[in-house]
């Protein structure tokens, strides 16, 4: 009876998209449910998955909001 | 000093509604706070309740998004 | 398909106990599942409940660990 | 490699605002990341921070929705 | 920069074990990190995974503690 | 009325310790409560802090359990 919470930033994976698509979210749900079946033998009917999409302003890494941290990382690589 | 997080799908309980009403959410807050008072003797002033409403695309069960899983269950019962 | 997470301090409700009993935890599970049935019409078979017991050193309120905050509150009332 | 989740009500800190500003959220991210560096020696590049903004209807305290509880507290102080 | 929280009951997958093994937990970590890479193109170095193991007394389903619910389901199938 | 959840690995900050000390945890509680006071004007009496200590086997980064990922990083730097 697992519960899985997946937190991601609210962003698209391709130009013109501003969030994960329904198909991508369905693939996460399917993938993680099957993982728990394969590794721990949990039936998929016993697994809940909840996906939280978080605005990039609300996600911090490196002491900075997400987009600012990425810009810093990108600059450091030059 | 309990903290309770209630996660529900964003859906209405009656036709024409697309989410839990303020009254329903107040009833959840009241009910769970009183439960902790009755069972563990926690004063209601020591209990925080946070309700998260989750889009049905973001909730998985049975390896599928919530609405698809319900359709599958409904079909199986026929 | 609700998911409820109840976080409480790891403490007993009576002398000689250092944690909630199995009976108290079963009462929380039953109570919150029935609340979601009554308020939002969610079948109890669609509700997961997870209880987290947190050491009092790990719970803060009023900027202090829980037991210290309670002592401060008790002192303030005198 | 800490993860910090900060849950706040969706409200402004000044008239005319209805939510925390990007600057305030950046200050939370910076502050908590530095706290983990100072107290536990965790590099800021190892800390994730996720801020959840919760509607006041969805936050309960004292057995009541947040705004109602505040009104009750304000009334009790008179 | 995803964060994934996997909550499972504290139980073994084979006789003589009372919890998931380190190998099983490593397989969950690897599997879910690769899933986020494949579906959303998130580098595995940007994904945190936290596994919580929950005592069966602390997990509720069907309004009952987990083991009791399973016994009820098993009985209903006879 | 903020709620803050701080998740850290269960490790000591000095030789001979295998977990954060009570003093370190009190410093986290104090620091984050004051941060919310300073940034969002939340009284410390309105802030709950819950610290979760997670076994290093149960924490994943880079697709690996935490200690293994650190060894990999340390090796890459040579």
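In order of appearance the chains are A, B, C, D, E and F, and numbering begins at 1 in each one.
One rule holds in what follows: contacts are C-beta pairs under 8 Å (C-beta built on N, C-alpha and C of every residue); 3 or more make two chains touch, one makes a residue touch a chain.
Note that this is a predicted model, so its numbers are computed, not measured.
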Are the chains other than chain A still all joined, and if not, how do they split up?
one piece
Greatest Cα-centre separation from chain F belongs to chain B
Mind checking chain D against chain F and telling me if their interface is mostly the same residue numbers on each side, over half, or mostly different?
same
Which chain's centre, taken as the mean of its Cα atoms, is farthest from the centre of chain D?
E
Intercentroid distance (Cα basis), chain E paired with chain A, Å:
17
Cα centroid separation between chain A and chain D, in whole Å?
22
Hey, what residues on chain C touch two or more of the other chains?
1, 3, 7, 28, 32, 48, 50, 52, 59, 61
In graph terms, nodes being chains and edges touches, is this line, ring, star, complete or other?
other
Please give all chain pairs that are in touch with each other.
A-B, A-C, A-D, A-E, B-C, B-D, B-F, C-E, C-F, D-E, D-F, E-F
Under the definition above, what is the set of chain F residues touching chain C in their complex?
22, 25-26, 28-30, 32-34, 44-45, 47-53
Residues of chain B that touch chain A when the two form their complex
7, 52, 54, 57-65, 68
Contacts from chain E onto chain D in the complex sit at residues 1, 3, 48, 50
Give the list of chain C residues in touch with chain B in this complex.
1-9, 13, 20, 24, 27-28, 31-32, 35-36, 38-42, 59, 61, 66
